[in-house]
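Lettered A, B, C and D in written order, each chain numbered from 1.
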């Protein structure tokens, strides 16, 4: 089993989605994350085991390479796809409650703002680290965040903004969320955002990059 | 009398301090602000009259020329000196209560800050507009402002700061002054200061230049 | 492609300050007529935009413009362009945008009448259509709102009309993150081109009707997004360089539809447009570092007619408000340009050489902007049978120039980067030259929920 | 005056990048050895400095330096100087200052070891003595505190030691507002000189003991105060130009006492110091507009060896933190300088010519900085029998050059400005050449409560 999990991790790390994927060349024609995950489940691995000991491991490795500028985003996206292929098999188990994710993360770009490249990267990284991610898209107002936060009372919320005129909307959203549930943790990011601003609007975390966010989520989860 | 006051105003406008002053050449050897003011008093003019209808008029004219970049600061300083020479005769009358100034203005550069060129210009302009100015110098802490404010309960306070690390001291000072006497008006200025910052620390006025301050003081006084 | 040959055929004629078809503005600035002028751009500090804050906002725009004009006077400025790029609320409520143009124009007029200082306003409404996903490029009500702002803003004093149109972005963004050059070609050179054909006909029409100048477009959201991601090392620089080249046959559509220039800053395809069409252009380099870092600081100026800072917030620096500070920096940059201009052609080429050679071998994105390469690549672009073909021809030429320079050790690169050269070549070469064929192919691949074919007349 | 003749005698040899006596730093930067390097300066955003905030402050300094080094790496930087000019609290509590030097040095060392990127720290404690009025230049306890920071900061990694000393400022400020050139001569060329003789002997001693480099001083508080006031139209520009010249024989004392350069930025007397002494210098121009506007944007670079931004707060701009943005701008400026350097002497002179001629005829403060004028004025300065005489000779030469240029219509001026020419000439000519005589004269004039003679050894 250990060997199998290692193989899955390898597939995720190198973006080998399934048998049909041409990359990486040395795995051509072989099973990918898709097939191997099914096999692991069949052989009795639990969803948590696969998630923690294979998928997150693989994503972690590619994440490190990305941080060290040894791969570009497209490679990370391939890894994310391979992970998704695997997750497709695990999701029913998580949904039924038979297995548990590390936590839930709700993210969106705030009202008036359409920039989503950064937000999408954050989603991907958080998902790759074993969290369920609910991406509300762009131009998201306080109400939508509130509704989603009610659905997932333990979820951490992430707000992204790239405009100086929309970052100020973060304040309302944080207030609304905290008023409803003072325990809700709200993380903020995007190019114009600063630690100062985070303090000012009483958000719980500012991070200039996804890594800082993941560390924070892991701390909360543990 | 009107003629005499006009002459005094002229002396102030052109910086003719006294008989001995060489400038302006066309008044060489003639009486200056000093002598003429004495004469006016002797002829029965009141201190208020001289202040309002001669000194402030003269300073006003040079002030306008300065604002329009038609004279440099040294000329304004000469005018201020001429005014001071005249004031020397009026001061005893104001001090005894026999006559009244437009108001009192207390100014200082805040704690930790030694920049005083801007502050000095402000003092001079305010004084030239008929106010008593108490200049506390540089590196002035909240206690000193408090003590002086107690001595002159109706005085308006001015704070100057040129450093981003000392402008933050304005907040304490404003708080201390307002706590003691919520009616105290506090004006702030200096290169790094902004309207935003003024709003944030609850000061009453920000002005980028002495003119704005004088307008404000005049409004308060009227 | 309307343009079949180059307006500037030799690199010696592709210079800053002079364009074959200069543009004369209402107050008499001649852009591309010999001198380089600063184009100052600015935006609000973090704040809300609503009726309560609007008086303050108007005042901020007035003060920014006034302070720059005042400083311009002190520095003996010979001309200034102010770009007013609207923020969303100012387009959604065109009356906001129009009011701001008015106060800006009042200041410009005041300094013109009193002091003879010439300045002009470039009005750039933002493209609201991307607020709907999938966007309705032709049927959206937003389109009318944008056009209203163009029309009323022009009347209010916006003399140069521009936009950063976003047709195809709904496909482009994802494609960029995946480095999928095929989908990028579809987004830029099929969808983007078609969208611009529709949009710029209207903008040029408004300009004509109002007696104003249709400036130009820029693929900022495409080319500069690629550059910003490459600077973050998210995608290869070589890839970003290729995307830049592919923006040319998209942005050129504005000119095909009647735009006269100056082409807008915020992208770097301007250099190619100038070579191909002869219109003057606005460029931004080191003095736009306030808005984004780049590998193009000096070389970007090689053939600029306006020199811009892209955008800076209205916040206080130690010396003064940031827009005034950046205006001063731009002014000194343009003084240097114009000093060389007044010394004659060989001096223009000298200064240009320093600017070009100091950057060109350090990054492929800079390399393709060297006048000699701009000319070579442009010459391929104009051979294209259609906009798509033009983009591919240009891109392949760019790649081959980069490849040669890398292999000869002239151009800095890395293994990670170089790996993309053969991949890009293969991918690009396999794109059908026939637009119809390509459209059919992509139709079967691209997720239909992401875009609406009909909105591009497909 | 120790220097009796010029180290650089012809204007062709007064160029950027090269100084007759280059300075080699610990990590191998050769300043004045052919290339121009950026000198990045920065300060804190509005905030308190105390034990509570200090961890954050230290972190800000670390991040500023790290981000610049990282960007330097990406831009293939060949060398960087960081100036750490302390804020008051960091000098009053030298341990703050020393801790900051340490974190900065850690980052420099890290990038040097890992990537070979050479950088160095210029440590500039602020002159605390002005906190007491009248200041006790020699007997103040503050002096020991400053020297402690020099010594411990040098040990911690501050390799270039500098200061903006303020001897004589207690007289100067008022004199400047009154345009009293007589008192200014006393403040700068008697008091300032004497103070620097005392102070720089100590600083050079510390540098020697610690194996560090005594950099140099600058009369920022004098010359730049005059320039800032002239920009505000508070005093005549011609007056500010004359003050600038008079700072030369003051600031040169650092070198007489053993400083080796690079002379500090924040003043523009460096150009003259380079001509006279041959030491490399740091200058600042358009890319220091963040710190102050100026009429010297391009010309300031004519003979720079380091190119500085004077100071910018650590606040966020759209692209990145302001110090990173300004680092990028400086880097592109220096790339341009160095591109000309690598093309040879005639190209250096070409680029210099554009820089010089684009500014020199628009403002007398720029005019005196043109290399030909720097040489002419410096040649007069070295004829001075003492520092006072040198200042007057230089100033008179400067005025006569300005007068000629104005009367020939080459240099922009105004009646209001020109009126000061004869006044200044008369006043300066009437100052006694004998220092003793002048001291005696001023002794009877200057308000004794304002300064303490003994603190200047008088």
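Just so we're on the same page, contacts are C-beta pairs under 8 Å (C-beta built on N, C-alpha and C of every residue); 3 or more make two chains touch, one makes a residue touch a chain.
These figures come from a predicted structure and were not determined experimentally.
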- prompt: Looking at B-D and B-C, which pair shares more C-beta contacts?
  reply: B-D
- prompt: Which whole number of Å gives the spacing of the CA centres of subunit C and subunit D?
  reply: 39
Statement: Here the gap between subunit A and subunit B, centre to centre from mean Cα coordinates and rounded to Å, is 63
Task: Would you mind pulling out the distance in Å between where the CA atoms of subunit B average out and where those of subunit D do?
output: 34
Query: Using the average of all C-alpha atoms in each chain as its centre, how far is it in Å between subunit B and subunit C?
result: 52
Query: Do you know which subunit B residues sit against two or more other chains?
result: 164, 192
Message: Residues of subunit D that contact two or more other chains, please.
response: 43, 313, 318
- prompt: Connecting every touching chain pair, does the picture come out as line, ring, star, complete or other?
  reply: other
Which chain pairs touch, all of them: A-C, A-D, B-C, B-D, C-D
Message: If we count contacts the way the header does, which residues on subunit C are in touch with subunit B in the complex?
response: 316, 318
Subunit A - residues contacting subunit C, complex: 69-74, 77, 112, 114, 116-117, 120-121, 137-139, 163-165, 167-169, 192, 197
Query: Across the complex, what residues on subunit C touch subunit D?
result: 43, 71, 74-76, 231, 285-287, 289-293, 295, 297-298, 311-313, 315, 317-320, 322, 324-326, 328-329, 331-333, 335-336, 338-340, 343, 347, 350-351, 353-355, 357-359, 362, 412
Message: So in the complex, the part of subunit B that touches subunit C is made up of which residues?
response: 164, 191-192, 194
- line: Residue set of subunit C touching subunit A in the complex reads 43-49, 87-89, 130-131, 133, 173, 177-179, 225, 229, 233-236, 313, 416
